[in-house]
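For reference, chains read A, B, C, D, E and F in written order, and residue numbers begin at 1 within each chain.
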Amino acid sequence: QITQELAVANATELVNKVTENCFKKCLNSPYADGNENCVDQCLAKYMRSWNVVSRAYIARIQQASTSGDI
Amino acid sequence: KEIASFLEVENSKQKVQMSIHQFTNTCFKECVPTVDSGDLNAQEEQCLNNCVNRFLDTNIRIVKGLQSLN
Amino acid sequence: QITQELAVANATELVNKVTENCFKKCLNSPYADGNENCVDQCLAKYMRSWNVVSRAYIARIQQASTSGDI
Amino acid sequence: KEIASFLEVENSKQKVQMSIHQFTNTCFKECVPTVDSGDLNAQEEQCLNNCVNRFLDTNIRIVKGLQSLN
Amino acid sequence: KEIASFLEVENSKQKVQMSIHQFTNTCFKECVPTVDSGDLNAQEEQCLNNCVNRFLDTNIRIVKGLQSLN
Amino acid sequence: QITQELAVANATELVNKVTENCFKKCLNSPYADGNENCVDQCLAKYMRSWNVVSRAYIARIQQASTSGDI
């Protein structure tokens, strides 16, 4: 059950961060029009970025735990 | 049981309040660039209205987009 | 008592956000002088913005709950 | 009872610490634009001092302004 | 005892997840300035990789620097 | 034990804020190279800023508690 709560916390954090970032990149004051196409592409880019960052970070953690360093 | 439903209602009211804080913070920054009186002019008010609605549109689109990835 | 604690949390959040926003809009490095007039107007504008955002958000929530959508 | 007053003192010390973190973060960004040595020059130090004081002035003015609305 | 070690593992997994959220948020802002397709180009991907590694280098250097002050 | 936990929370907050600020001031997209010299100086400047801010804030608190104002 704890695992599930953490998964919800993670999903919520992801939704919040993507919304914030893509709102800023795709929409501008005075916000008269939406930009769904940009939002969709931004979401795709964000998820790809998440994967790149994730791989890079985990590679560093493994490297550090192998070399005994942190 | 009554306590549980009381807590649930309070919890969801609190979430709405916190969202209003967040949207006001985000939209005030973008829609109210200068402070030369205590009143909002028509453009500022329109921009704030649009900003909330575009932010929610973006949020909903991203939630749907993420669900379709699963 | 929980209701009261949430009210305090809300008031604190409001004070923090208004202070941050109005400090940024009314004061500039090297901060030699204050600008009380601007801070007062900024507070008035922020509260009006809070009301506009609040109405817009609640209208969206009601619309969504009526149409069965979220 | 001693435990309660111990916790209260710890809690208020912790709040002061967290405010110092927040002010340093805000004022460093604005008052220390470049890093060309490990020392603060006179203007930077003066700016940091002013920044804290103006931030607190703003905070107090906003709390008073909100109280007068009630 | 098994519960304690389960919680510890979950806790450290959660910290890694939250760091990935934070790094993606920071690095996406800097490395992905425009959204014109859903794909990352080679420079963006390289930048994201570098960004994570430089951020971690900075973090490690600062932890060591603070330890040497004590 | 509580005191110790708060000390850890404080140290973590400090490390996070210094890392964020010095990463932003010393490193730039596309993050091909590090800048350890800048990071070291930035850390030194940040700690000095922390001290200046800390003194200024505590002076205000003492002044306020003497005059009976907050």
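What we mean here is this: a residue touches a chain if its C-beta (ideal position, glycine included) is under 8 Å from a C-beta of that chain, and two chains touch if they have at least 3 such contacts.
Every value quoted in this text rests on a predicted model; they were computed, and no experiment measured them.
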Chain separated most widely from subunit E, comparing mean CA positions: C
Distance-maximising chain from subunit F - centres being C-alpha averages: B
Subunit C on subunit F, rotation in degrees - Cα superposition, rounded to nearest 5: 120
Between subunit F and subunit A, distance of the C-alpha-averaged centres to the nearest whole Å: 27
Rounded Å distance, subunit E centre to subunit F centre (Cα mean): 20
Between subunit F and subunit B, distance of the C-alpha-averaged centres to the nearest whole Å: 31
Residues within subunit A bordering two or more other chains: 14, 20, 22, 26, 40, 43
Sequence positions of subunit E contacting 2 or more other chains: 31, 51, 53
Ordered ring members, subunit B first, subunit C second: B, C, D, F, E, A
Contact footprint of subunit E on subunit F as seen in their complex: 11, 14-15, 18-20, 22-23, 26-27, 29-32, 34, 36, 39-40, 43, 47
Subunit B partner contacts - residues on subunit C that touch it in the complex: 2-3, 6, 9-10, 13-14, 17, 20-22, 25-26, 38, 40-46, 48-50, 52-54, 56-58, 60-61, 70
Subunit B to subunit A touching residues, read off their complex: 26, 30-31, 43, 46-47, 50-51, 53-55, 57-59, 61-63, 65-66, 69
Subunit B - residues contacting subunit C, complex: 7, 10, 13-14, 16-21, 23-25, 27-29, 31-32, 34-40, 44-45, 48-49, 51-53, 56, 60
